[in-house]
Structure formats: structure tokens, C-alpha cells
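Labels run A, B and C following the written order; every chain starts at residue 1.
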């Protein structure tokens, strides 16, 4: 029972982590809490759905419920969601930045952007729940008492690969370095010759891609609904805060903590209240460690 | 007759929503407290009113059947207590973090409303909640006229009280905190306590609106307190002009007018099968209005009035 | 005398539109010369330097750098052109290692150029080579300043601007920083700095400008400024600067 809850917690946690990394990157580099980030998850999931509707999810690979075309759809949806994020930035956030609007104005704008993006999904794809495939899967026993679907194993594995890949990019590539530099001091990054708008654009691309993949994973392991991203928003924001600023692995750990806590909580409280768990953690963390679990205390 | 009764209905809703927007303006416009959980306090007020006044049912925990006015008083007290608890835990947080924390509160309150069936009636909610003084009116029309007087009266009272407050020494200190917390603390003001006071008072006002809303429609359900209300109220405040009570009311009128008009239009044009999509268009409009206001008229329709010398310059 | 490589004329700049802090400042800097801007607090010295570096709102005036009109151009273009800037505060990335700080300094370089410049920098500053994996945050004030200058030199700038390079440093380190600036000037780099430590700065400078209330007040050779009684009373003799 506990073993299964932990396994499910890792799965949820992985999806949340991908979302939280995006939120964390944008809050460090773009300097505001993006309440519309969750809608990028939804858009990513639905873009991939549209692709699989044309191409089907492909002949299943091994025990998975989908084939190569869904994997291709993941890539395509990632890129297109990145592009969507850039378009939104051009239309809204960049204009506010160029006016030196304060960060809370950006948060308000993200409220509006979230309403628009979410309801466009509803308008385009309709309110009904949808699925990538109708293939049935049999859960296999991975460890004694722990059963996972092959798709879930795939999701976990790919999440780990993505996180490590992103870590390497941030650590060693010059783009990654300029992103970290921008996060610490935009002014100093500028006098190093960094083009701010280029870094901002790449930040949106990375955040958008990860969001899309998180959305697809969520759609694959649960289902697609227009409010799927919004329902994860609180958990994602909490995971990002838990991780504190400055650390990729912080966001990952934040995601895992929230995912595990949600799934373990079901053992003690009614499942209906599961969604309140991130909030409880959030309040506790903010009360005792306003800088996050791993973050250093900020000097203002 | 049809149009008149519709306008009365519209005016009742606007006056109730204006009360919420005024409460938010005290928190954000005057004090700079970023409450992204508006709907939570509105729900606490509405549910408290229903729980205290609704006719007894064996499956419910609370069966007090109190008179409506005590229901309203109870709603004020309950939302104040909720805000106090939340505020004690969060008032030291800044901007974004406070927004996320309060957003979480609203999610949690809605979960409780949905799932604590013994207290709230669960997803079905509670019906036959008494409407204030409904026994004295023979037709729905005359009752609505009365209710407009009641809700508009409460709205005016709130407006008047908040105007007094903003112009009082206390209100000026709140503004000083919003402008520059460091300076306000240096002047010996306990900024955290003052922020908490403004947060509790603003949330209490939102609770009042919740009670008036439930008293008007005569039932309560979790679907009347969905998260989008928070964003609608924010849109109203920003469109009208944050920091200005007149702006808060005007913004409510404009945004709710747009919402209702677009809703009516869509229901006329679209076949019944596409009504969900119609609702989506309505919400997209709200989002657009918010974003466009921030981009092209950041001060809102009427900007902030200079109330202290430092704004006069 | 050679032509100036940095020419600023009537620069009006600030942080808020319509509320400039510099109300029209003009300067020239020639290759191989050290020019110091002094003036009371709030004279707009720092803002002026930031305006030349493309960091604040440039309202009007002209700036020519290395023969090109760069008035109001963004930082990254100026850096590419051959300008280096060392800010006063936050002049190194505290969360990045020394090596990464230097790589950021060479952000505009190609991979091959970056490699040779890194090797040269490590040769020139053995201390940085030794501690290349330490994060910027753990360095002492003097080490930070060294890193900040080394970072700005990664692109081989022909004009380098420094905002209070000796603020908060011990007298011995101040001497080292000034000596390294002298060395740069001898190589033909144009050095422009803003200094509170006016007396010491003028001693190693060729010329100086006095700014007050966002405008030029005086311009003279450093030697003349050092003995000028008005300047001495206002900026050099005060106890605050008696280092």
C-alpha cells in the first residue's frame, strides 16, 4: 500500500517537477510568478493530441500503449508550445517589460493570459475528456506490491533523462550559463554582451517544451481535459517555491515532495482532499522557510 | 417589464460584486496586499450564511435556523476569522508568494465546500436558504426591488466606510506601507500588523458579499464559488482603477456588463449544443479586457486619486 | 595627440523618462590615457557611466565610440564594438564559478577565441587560475575586483570604464588595482573611471572631469585638479577622502 503510494508519488512528482522547472526558470529570469504556465501544459498535451488524431498514436512499441508517432508528437508539441510561449511573450509580457512594469503587473497579466489560453483550448478541442490511445494496458509488478503501467515507467524514465539533459545544458553550455547569469544579475549579464531578449526567448522555449512534455505525460497517465493544467497549477507553483530559487534540482525535489505527499496523504485523509495537500505544504514551508527548502536566504 | 426586471437583477449582482471589489481595493489598492484567493472569503461568507440560516436537515451537522440578519453577522465573523488565520500565516510574505499562498487558500476552501458534506451539503449544496424578509413581498418583482435596495444599501455603506477609512490617518499609513514599507517601519509603524488589519477587513467585506449573494439566490453550491471569480474581480479592479473606490465600482459595472452582454448575445446566437464554447468566449473576453487594460491603460479607467501630499506632486 | 576613442556630448540620461539625472555631460577619452570623473555624491557620475554602457535610459546627446555613433545603443552592441564596463556593485556573478565568470566575460567571442583568451587570462592572473572552480561569492573584495577587471578584459576592450573600482578595498589592494589600470593604459587602452577616492585616482590619471548636479563643472589635467584649491576643498581635502 505504502509502496504503491510512493511509486505513484514519484510519477506525479516527475510530472510536477517538469512543470516546476519551467516556473522556476521563468521566475528567475523573467522575474515574475507565471500563473499562466499551467496552460502551457494543457496546450502541449492538446497539440500532441491533434497530431495523434491525424497520425494515430502509432503501433504500440512493446508493452507501451503508443508508438513512434506519439514520441514524434511529443517533440512537435514541445517545439510548438515553446513557440506559443514566445508568441504570448511578444504580445503581452515583452511589452510590459519594455515599459519596466513591476513584477506584480506581470502576474496580473499572467492571470489574463491564463484565462485566454485555457478557454481557447475549451473552444478548440471541446470540454470532453480525451485520450491518446484506447489501448488497454496491464500493470506489471515492478517490486513486490508495486504495480505500474508500462507507460508510467516510460514517463518516469524520460523525465529523468530530461532533467539530466537540462542540467547538463544549464551547467556547461554557453546558453545555459547566460541563463544562470541573467537569473543572478541582468545588468551584469548585459555588460558581458548577453542579448537579454535572446535569453528570454530561450527561457520560454525551454519552459514551454518542458510544460508540453509534462502535459503529455499527464494526459498519457490520466486523461486530457481543458482544465488539466489549471488543476496542477497550485501543485506546480508549490513545487517551485519548495525548491527555492537558483536550483534545477530544487524544483525536481519540490515536485517529488509534493507528488509524494499528495499520494501518501491518501493513506490518512480522504482522497477528496488530496488537492489541498500542496497548499498545506506551501503554508508550512512559507511560514518556516520563506526562501524555500533549498534556497539560500535572500538579502534584498 | 422584462427589461426592467432584468436591469434590477443586473444591478443587484453589480452591487454585490462591487462590495467584493471594494474589499479587494482596500487590500491591494490601498495596502498592496496581493490576495489571489478572493473567492475563498466570498465563499466563506456565503456558506456561513447558508449554514446558519438554512432549514434543518438530519444529515447536516449544523441546524440552527437562525434569522437572516444573524446569518449575515455570522458570515462577517466567519470570514474575518478565516482571514485572520490565513493572514497570521502569510502576512509576512511578499508579492508573488502571497499571491500563490492565497490562491491555495481559495482552492482549499472550495475543496472543503465540495467535500465536507455534513457541513456544506457537498456538491449538491444547500437549497431553500431563507431570503431576507421574503415573506413581506408578494411578487418576485417587488422582492427584487427590495433586494436591490438592500444590496445597494450595503454597497453604499461599504463604499462610504472605506472612503472614510482611506482618508483617515490609518488609511494614510496603509498607503505609506504600500509605497515604501521600509520607511513606514522606520516611522515606527508595525507594518505586518497593519497589513493584517487591512487584509482581515477587506476579506470581511468579501464575506458580506457572499452572504448577500446566497441570500439573494436562496441556495448555495460549490459551483457558485469557482476560481475564475477571483480573476474576474481582479479584472474589475484593474479595469476600473486600482487604488480608487469609485474605480472599483465602475470597473465592476463595466466588466460585469460586458460579461452579461456577451453571455446574452452568445446564448442568442449559438445553438444550445455549443453553450460551453460560448462560456469559453465570455471568459476569453474577460482575459482580453484584463490584458489590454494592463497594456494600454495601466492606471485603469479612473486612476488613483491623490489622497496624500506625496501623491499630489 | 591621438584622436579620442570615446566622445560623449551633452548626454542626458536617467532612470525615469523625463526625470534625467545627467543633464548634459560631455567628455573625451583618448587611447592610452586614464580619465577620472570626480564630484560630490549625487552628481550623476555613476549614472553617466551607466548611460555610456547602455544600462540606463538614454534621453539625448551623442556618444561616439571608436569612430561609431553609439548613442543610446544597447549594451551588447557596445561590448561587441570594444567597450568594457566594470560596475561598482554586483560586478561578479556570485553564483557562478570564477571560470564561468570569465566565460561570461567572453560571451561575445567565438569558441576558439574564448579558449585562447581564457588561457591568457589565467596566465596573467595566477590567482584566478588557482581558484577557477570557486564560486564568485566566496572571494574577498580584492579578489572580486581582480575577477571583475579580468572579466571585462576578456574581450580585449579598447575602452574600459570602471565605476568606483576601489570602493571598499584596503589601501594595499587599491594600489594594486590602480597599478593594473596604469598597465592597461600603457598598452593603449582608454580608461575612464568614476572614483570617490579622488586624490589617489587623480594621481594615476592623466586628466579629470568634475561633475556636479548632473553637469560638467571643470575639466583639466589631473595634476592641475590635484592642486586646484576649489577642487581640493570640495573633493580632495575632506576627511572622508583622506586616504
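In this section, contacts are C-beta pairs under 8 Å (C-beta built on N, C-alpha and C of every residue); 3 or more make two chains touch, one makes a residue touch a chain.
All of these numbers come straight from a predicted model, not from anything done at the bench.
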{"item": "Innermost chain by mean C-alpha position", "value": "A"}
{"item": "Farthest-lying chain, centroid of Cα atoms versus that of subunit A", "value": "C"}
{"item": "Subunit A and subunit C, separation of their C-alpha mean positions in angstrom", "value": "42"}
{"item": "Interchain centroid distance [CA atoms averaged], subunit B/subunit C, Å", "value": "54"}
{"item": "Where subunit A and subunit B are represented by their mean Cα positions, the distance between them in whole Å", "value": "31"}
{"item": "Subunit B residues counted as touching two or more neighbouring chains", "value": "none"}
{"item": "Residues within subunit A bordering two or more other chains", "value": "none"}
{"item": "Subunit A-facing residues of subunit C, complex", "value": "53-55, 74-76, 79-80, 85, 87, 90-96, 100, 103-105, 107-108, 151-152, 155"}
{"item": "Complex contact set, residues of subunit A against subunit B", "value": "27, 32-33, 35, 92, 95-96, 99, 101, 103-105, 107-109, 111-116, 118-120, 122-123, 126-127, 230, 233-234, 237-238, 241, 270, 272-273, 275-276, 278-279, 282-283, 286-287, 290"}
{"item": "List of subunit B residues in touch with subunit A within their complex", "value": "34, 36, 89-90, 92-93, 95-97, 99-101, 103-105, 107-108, 111-112, 114-115, 227-228, 231, 234-235, 238, 276-277, 279-281, 283-284, 286-291, 294-295, 298"}
{"item": "In the complex, subunit A residues that touch subunit C", "value": "174, 177-178, 180-181, 183-185, 187-196, 246"}
